[in-house]
Amino acid sequence: MNPQLTGIVPPLCTPFTRDGEVDTTSLAALVARALDAGASAVFALGTCGEAVFLTDAQRRTVLDTVVQAAAGRAPVLAGVIDMTTPRVLVHARAAAEAGAAALVATAPFYTGTHPAETAGHFRRIRGAAGLPLLAYDIPAAVHSGLPAATLLTLAEEGVLAGLKDSSGDLGALRRLLLALRERGLQDTFSVLTGSELIVDGALLAGVQGVVPGLGNIDPGGYVRLYRHARAGRWPAAAAEQDRLTALFALVDAGAGTPPGMSGSASALAGYKTALHLLGVIGHPATATGQVLPEPAVRTVRTLLAGAGLL
Amino acid sequence: MNPQLTGIVPPLCTPFTRDGEVDTTSLAALVARALDAGASAVFALGTCGEAVFLTDAQRRTVLDTVVQAAAGRAPVLAGVIDMTTPRVLVHARAAAEAGAAALVATAPFYTGTHPAETAGHFRRIRGAAGLPLLAYDIPAAVHSGLPAATLLTLAEEGVLAGLKDSSGDLGALRRLLLALRERGLQDTFSVLTGSELIVDGALLAGVQGVVPGLGNIDPGGYVRLYRHARAGRWPAAAAEQDRLTALFALVDAGAGTPPGMSGSASALAGYKTALHLLGVIGHPATATGQVLPEPAVRTVRTLLAGAGLL
Amino acid sequence: MNPQLTGIVPPLCTPFTRDGEVDTTSLAALVARALDAGASAVFALGTCGEAVFLTDAQRRTVLDTVVQAAAGRAPVLAGVIDMTTPRVLVHARAAAEAGAAALVATAPFYTGTHPAETAGHFRRIRGAAGLPLLAYDIPAAVHSGLPAATLLTLAEEGVLAGLKDSSGDLGALRRLLLALRERGLQDTFSVLTGSELIVDGALLAGVQGVVPGLGNIDPGGYVRLYRHARAGRWPAAAAEQDRLTALFALVDAGAGTPPGMSGSASALAGYKTALHLLGVIGHPATATGQVLPEPAVRTVRTLLAGAGLL
Amino acid sequence: MNPQLTGIVPPLCTPFTRDGEVDTTSLAALVARALDAGASAVFALGTCGEAVFLTDAQRRTVLDTVVQAAAGRAPVLAGVIDMTTPRVLVHARAAAEAGAAALVATAPFYTGTHPAETAGHFRRIRGAAGLPLLAYDIPAAVHSGLPAATLLTLAEEGVLAGLKDSSGDLGALRRLLLALRERGLQDTFSVLTGSELIVDGALLAGVQGVVPGLGNIDPGGYVRLYRHARAGRWPAAAAEQDRLTALFALVDAGAGTPPGMSGSASALAGYKTALHLLGVIGHPATATGQVLPEPAVRTVRTLLAGAGLL
């Protein structure tokens, strides 16, 4: 991994075949498309990649496919999402073997966790895996947040190489960015936002990179947004962000689908339907086999057309 | 009120005397200082104004004082925070009598509320009070959020003239801003952010105004930030935002104060201590009489000095 | 108030006339019916009484009516629900003037609160009002719980005369009951449960009294349940509790009522519909004028018949 | 498994050696002690068993050990806790191979889940594993609850053979018990409570069995409590419950242990310290190696003595 991770890093969806297996051909195509569009790295096995729905064997298939498809053009970050340290370590070892450039781990979940326990968790992963480690702050999934004090301590110790922030709390993120600069850590600790609707503001606040789920569908849009921001063309960045925000409505297309679909399933099915309509992947189902009904597919098609992608 | 509310609108603190009465002299000074610094309006009786700690008589004293101190230089927005519609209506009538230019109301709280009930709540307030009405989205206090669909309906009906957003969720706010523009409502519905650490990003996303609690302490800073943004000087806006973000640490000065202080009390005490050190108000106590201990006061003084205010 | 509050204490509904005024005739009938059935006290202006929807003047009307209707036959507990100490004190003084025997206050809400601040809140209310004070633990409404340590301290200080527990957490309540006995406080501190579906278990665990919302509809059932328990007839108590549990389904009758009804509105409307069908009150509307549609009314009627009340 | 699971079913702790391996000797001793005391079954790999901290290989070791130690004297229930259906299925197959009599599965977690998705989850597990399946309702860990409507549907379909309820909400559980009886499902669907402080009340309400974490330490106490209840000796049941409630304080012994310990770690460490002091297990560490400091160990010893166990 680059000492300093920057730019657009799509958290890759995991395509499935009709019989529920990892669709490695489609996955390789997704990787190639992202890198061709200018992504600086890819992130496999994140929340968007439905990693929590994959068996260990399927996770390994995903990682092998992505590493091979990236073919050294860009680093591959690997999610090692699991409930506790010992289980994360299993994934971490597999990811290292598969050629990941860095690991991305959440706090422990299911059981409650104290910040001191969370810090110990990251220390053990870092110590065992021999790879740069990013903390993944995603309170909506793990039901605890990563306190700034913990992150700063681990950054100073060299345990953490960065943060993927999916908290949605840009105010807290700004305080963290400021504290990192005060401690001279801004060049050794990368802050990446996973909030795909506020990328312009997050870049203005100082984040180094972006991990946008919607970047699976429109990596070129996010790369343009990033380049506008880096070049100081802020109104152009905001206009690009607005276009992407309109497109983001595809995450709601599945709402109300009988017999009932969670928000996260709707978002995933929306992403995959879009990728299917764009011809990137072969089949639009989620890991549990959910697909959008035809009216929702039409909504997704309309949104893609509105964004200039169809 | 202006048809379109824009600019910096400080949510005024309510100073108290040593014996716990509203300190009208200090409050008038606070208003004058904000307007002298370029605030486009002031917001009395919000969360920052400790409105929920005030008796009805004290609320009236606050409002009379602020309206008189504003002296027609700028509109006065009045919070009408209470648990349910009938009680809010009592405050709304008092605010109208006192000369408020607009009202700011939360969703009902204490009991659960359905979006349809929340919509009815705003319709009744608008109908009864004869003043422009802003919805106040503050889930941390009322434990429900205002769905975009509800806000858009009420905007189209003319029930709501705007939104004060204290949700901290800039992504959702951006989707709302986009939906307002799609419906041609951007000139009749004002979106104000109450998130004082992401004002640059919120302005880039398209909010019209800002209601920053920290604007009590440094109204000039927020006015500069606003003007930089309006003039397209985004790096300067971000630098100003960074300076204000560092200053914001004063909200944590009271953490750990024996025998125990909530986060909101610590923030209020931090604000008031700063205003006291700056010579704006006569006494730094909160509505419940809490004051910061001496080490915390020193922290606040250091932060003020660091921000160039002392 | 009795030194030791025991037995069934219905938290009185507040009936309204068609034009939204407090229906004092119906309210007096409700009080008389509860006392005739064997209630040992009544609790006015609680959550069930929709106190948070009442203006100060309406609260006073309710309290005057209830005190007069109780006519010295049983003590009247008065809820003093409001957001913060200064506002609660206004209600507390009014309740004392109206002849309440004891006050029932929640923790502060809207703003966050630290246990030390909550303790100070109860101390100030107790000191100002000159009446026995019960703490009202209702996290679903105020979004903080009352820690056992705080309750025990205030019990030992004599600040609190008891607890109305609406947390639903019978395990925590049992630990509190045990701690009170260990400290010899079981005769000076009354623990009342507001969980109407687990009264048999709560009495077995040692609570002294019960504040069941459903006791508005079937006070006699709760009095029988209480007497069975006191006499050691536990299977009979459980059978009575089962009958009341089946009746409790009326709180869900309003679910799905267009254009949308919160769970708390549905429960209140269910209670009032039942009281209307039983001929106790004149009009079934909630404080905000909500009434159940005809199919839901039929559901309530069926449940009343099933419980042997119609 | 018996068609109807009843009685005391301890959710077994997983003892570890000093070097962090599963201590099979201690685990076998724990099983034997529970069965000698009258437990009707044992539950391996639950929350108390720290299953989420175990690798797949360690889980298998635990299950093999428990099945062998149970030696056909009583059925072994196996937890199959993981984030999503595909991963749970891996555990389910392993548990079936190891000889489990029934499986216990939570709702999916990490991602959000809709009740319809949760129902599908249980259907797939039941279909794949060929073993009776109990739903595990533990909102504190998985952050969603199991709605009664979903449970009733799955009970009627024969998908679920029972429920382990760790919601703490005895009122909701009573409504479920009533609904099961109304549908004639009380003999084919077992309701077990995991709330160790309200067992007397839960048995009075009609649960068939109990899964008490504290039953690791005092299985004989819970068996006595159960027998008292079954024999209608309710005051004796309550007295036994009170004794166990006092003992339960050992879960708090670790609170405040530097550098910081979560509530769940404190509880686990408290249980294991007690088992170590009682001579049942060889080493008191949790899965992550946490042990109580000496003052906390003394607290546990005092509590054991107070409960008559030392």
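To keep things simple, chains are lettered A, B, C and D as they appear, and every chain counts its residues starting from 1.
One rule holds in what follows: a contact is a pair of C-beta atoms (placed from the backbone, for glycine too) under 8 Å apart; a residue touches a chain by one contact, two chains touch by 3 or more.
Everything numeric in this text was worked out from a predicted model, so none of it was measured.
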Listed by label, which chains are in contact with subunit B and with subunit C?
-> none
Suppose you hop from subunit A to any chain it touches, then on again the same way; how many hops at least until you reach subunit C?
-> 2
Just grab the chain with the largest centre-to-centre distance to subunit B, centres being mean Cα coordinates.
-> D
For the copies subunit A and subunit B, give the interface type as same if over half of its residue numbers appear on both sides, and as different if under half do.
-> same
Could you please state the distance in Å, as a whole number, between where the Cα atoms of subunit C are centred and where those of subunit D are centred?
-> 35
Give, as an integer number of Å, the spacing between the C-alpha centres of subunit D and subunit B.
-> 49
Contacts with 2+ other chains: residues of subunit B | none
Return all touching chain pairs.
-> A-B, A-D, B-C, C-D
Subunit A contact footprint on subunit D (complex, rising order) | 47, 52-56, 58, 81-87, 90, 109-117, 120, 140-143, 259-265, 287-288
Complex contacts: residues of subunit B adjacent to subunit A | 168-172, 174-175, 178, 195-198, 200-202, 204-206, 232, 234-235, 237-238, 241-242, 245-246, 248-249
